[in-house]
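Two complexes, one shared chain (chain A), two partners (chain B, chain C).
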Partner chain A sequence: MKKITVEICTGTTCHVMGSEAIMEIRNMLSERYKESVEIKATSCLGFCRERQAGEAPFVKVNGRIVPEASLLKVTQMIDEIERGN
Partner chain B sequence: MEKLRLEDQGRVITALCDGLGSGIKAHILSTLTSTIATHFAASESNLRRYIEIISQILPECSERNLGYSTFTISDIDSSGRNKLIEFDNPSAILIRNGKTERIQRRKVSVKYGKLGSREVYQSVIEMQKGDRLAICSDGVTESGRGEKGMQWGWEEENLAKFCERICRENKELSARQMAKGIVEAAIKNEGGQCRDDATALVINIRRPKKTLLVTGPPSHKKFDAYITDRVKNFIGAKIICGGTTAKIIADMLGRALHTNPAALGRGLPPASEIEGVDLVTEGILTLSKLEEMLDAGSSGKTENTPAEALMELLLESDIITLIVGTKINQTHHNPDFPIDVEIRRNLARRLKRVLENKYLKKVEIELV
Partner chain C sequence: MLSDNNASKIIKKLLVETARLCFEGRLEEGIDRLVIDTIPKKSNANRCCVHKDRAVIKYRLMAILGHSAEEEEDELKRLSEYAGQTLQREEISEPVLTVIDEACSACPAGRHFVTNVCRGCVARPCMVNCPKDAIQIHNGRAEIDEDKCVNCGICLKVCPYNAIVEIPVPCENACPVGAISKDESGKEQIDYSKCIFCGRCMTACPFGAIMERSQIIDVARKLAEGRKVAALTAPSAAGQFPCEFSQLKGAILKAGFSEVLEVAEGADITAKKEAGEFEEKISEGQKFMTSSCCPVYKEAAKKHIPELCEFISDTPTPMEFAGRKAKEKYPGCTAVFIGPCIAKRQEALEGRSIDHVLTCEELGAILVAKDIFVRETEPAETPGQASIEARKFGASGGVTEAVKANLSGNIQIKPELIDGLDNKNIKKLADICTGKTNFNFVEVMNCKGGCVGGPGNLSTPARAAKRIEKTFEP
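For the complex of A and B:
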């Protein structure tokens, strides 16, 4: 099965707006997701400069941009993708 | 310890002082002595006269009727000629080609307050490339006193052997690393906690080490190639601070930019990697933290943050070039941001000031 990729932006804006807390997702994913989800940190994705992209912090889940990301939002998205699979 | 760089004369003067006793009074005595001593040395006043003045200025201990601070002054010029003055500190140790070299000292008697006559040792050392000169307080040589096999403590002879060994083992050993090694060994002699202040000052004669730090995207895209070329062709340590800057340079070099999520920096964004670059970190937050750490003089702690890795690289350097991109990041003009997210160039100026004044580095800033 193809892994779900979660890319967490660690640029200045996203970091200040809370991306470090989202990184905690590594320790909070349930056992069944640990194998199927790949967590990556990235340097600035640059979305904060595009007004239409929304507000920081940004996370990309399987290439989809998640603005104003939070642990809950990202976890829900992983759940949705898993169910879709 | 006091350091003074006389740029126009090519001289660097350092004074290691140890105040009588411990605590606040000892600290005041040693700070007072080191400040006076370096400035007297800078003015090339008569040795006898300035030691007499120091003895008259220092407050006295009411119990022992004396109040002094030991000192060693090193006054080195750009040719490597080092005028050394030693007063009651352990003898300085000169390591040349991995061995202790004898220093020819001249004994001078000086009047010293109520203590009457005291002996001061003067010497002139023609220092050579690769030489290391270690100056320590008695907290180092007397460390471990009374411990098994060390009735009188570590002693100068064993300290010299230790210095010889670590210099032989690591030919690239920097002055900082050696000073740190000496103090750590002294602490170890004491079983982990010194009973007396242990200070070490090391002078290392070598070619200056250069570092290039690039931070912030340039004001115009046309300068992207310029900063990339500077990084590519620079001989020395290369540092990039800033995600966008790192991305520009990585793309132009055609190299991958990796960020390691496991390397989270305890409140700072994690460091990244680009092949051929020594360190890649986030920009403003990491540099602000660096400035705070440099200002506080903190070192030795190993929290393993990107700011510490950055500090380590800069403190091992002598000539630092800061290339500061001046493109304004609109996203930083956000009311939700903390107050210390400032314009990069002001931060660069503050870094220059602290690195030059406190650590005697040569720093140049280039705005692009």
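For the complex of A and C:
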């Protein structure tokens, strides 16, 4: 199974806009992902400063940006990468 | 407030943008445009159309500017005029909450409803057990006659398929004291003779129709003008950002506050005095004493359990002592309390030592508006010293521990904790006034988990408590 890295931004903007709630993804992933998905809290990814990549909170899944991230959007991105897209 | 929730996200975005306009000195000029920028013409409407969404945004901005949606007399009055008033005002007025009737969806009154899970079974326990003969079977499915139904809930309990649901009105359901109810048009309104400012209706409403009247612009303006503004951080605020507390202090100073004072310093005075008062009152024969720091609890006692008032400690709250300290140490300063609490706004209005109250969420909005990144900020230390016990005041059980640490040892403390002021606990508090008790000190926290569970927070209670623990481990 592919290794998937989820980086959750803990910069102030992302934090205020609710990035901490996405940490709960640990408990919501299906069993088959438990081994292959690594979840990390990172310092500011800088996307909010650029103001072009969309809106906070930001999460990076294997380098792909998920703007306005929610549990749903991040889970969908993991599924997409797993399917090889 | 619940983070992953679109209603709260909209409000937070507006807080950030409004504060940004204020810091840029363009509040009056830019505030009307913010409505259209937030809901552009071709966006997907949350409500019936973009125009309704925009109308709601306007009222939200009124609340963020510190006004009541209810005070609107002329619908043509522009936000820039309201902003102008906010930039001029020196006094904050009651009430601390506002109901945006344009946003209120006038949810149908709580009733029971048969879903299509119903199989129209032969046993029909719902029909047989209904005391009002309100259930009939039509087309193979149970139906409730609303004119006859008294919402007793028996049908819901006896259905073997869980096919019957009770549809609540979220705000009314959340209010522990019956202070919010419908007016003749079905929209909600708050009865302030009953309201205890707990904020549950605000967090419960899925339409975000209940808002606080913010003081963020009052504070932002004073920061922008370079006035002497002291930030008084509640013990629970220490755990609200993903950084060291010393970095948060650094960030607050960077935002333009002239001083940071931990309210925990005030909590040390409260704990000491409360311990003394406890020993005195118990030795005089009073059967128990309760804590006094939670303003929601005191409001609830005053308005709903008057017989409890004589048992509440007379000691002023940590916020009050910290405010007095700030005014003494930094003469002429504006004292801004920063915490998770709505009721502290009311407490501040009634007292004299605190000028403004911000929630942690609003502090976050100020930091974002100023492009301050707390994790990259130079740590700062404050001159004052607070004990570890005082710094843990904001988590349930913390007040008891702090009082314990200050006892002289003459009286044995037998503590009881009321963790969360729901209907059941309000009744319990009323009962202990008359009945026999096997405790002599009661700590009452309106929010479950203590102040770390407050409505104006950014982190979950568990995470916040853990950060506080980690920061202040000896």
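Just so it is clear, the second predicted complex is superposed on the first by the 82 of 85 C-alpha atoms of A that agree within 3 Å, B and C clash if a C-alpha of one lies under 4 Å from a C-alpha of the other, contacts with A are read in each partner's own complex, and residues count from 1 in each chain.
What we mean here is this: contacts are C-beta pairs under 8 Å (C-beta built on N, C-alpha and C of every residue); 3 or more make two chains touch, one makes a residue touch a chain.
Remember, it's a predicted structure, so these values are computed and weren't measured experimentally.
Once chain A of one complex is fitted onto chain A of the other, the partner contacts of A:C44 extend to both chain B and chain C. In the superposed model, A:E20 lies in contact with both chain B and chain C. In the superposition on chain A, contact of A:S70 is made with chain C only, not with chain B.
Applying the stated contact rule after C-alpha superposition, one finds that A:S36 touches neither chain B nor chain C. In the superposed model, A:G11 makes contact with both chain B and chain C. Contacts of chain A with chain B, set against its contacts with chain C after fitting on chain A, overlap at residues 10-13, 15-17, 20, 41, 43-44, 49. Chain C contributes residues 3-4, 8-9, 12-13, 16, 241-242, 251, 361, 364-365, 367-368, 371-376, 458-460, 463 to its touches with chain A in the complex. On chain B, the positions that touch chain A within their shared complex are 242-244, 246-247, 257, 259-261, 264, 267-270, 272, 280, 282-285, 329-332, 334, 336-338, 341. Here chain A touches chain C in the complex through residues 10-13, 15-18, 20-22, 41, 43-44, 49, 55, 70-71, going by the rule given at the top. Contact residues of chain A toward chain B in the complex are 8, 10-13, 15-17, 19-20, 23, 26, 39-44, 46, 48-49, 56.
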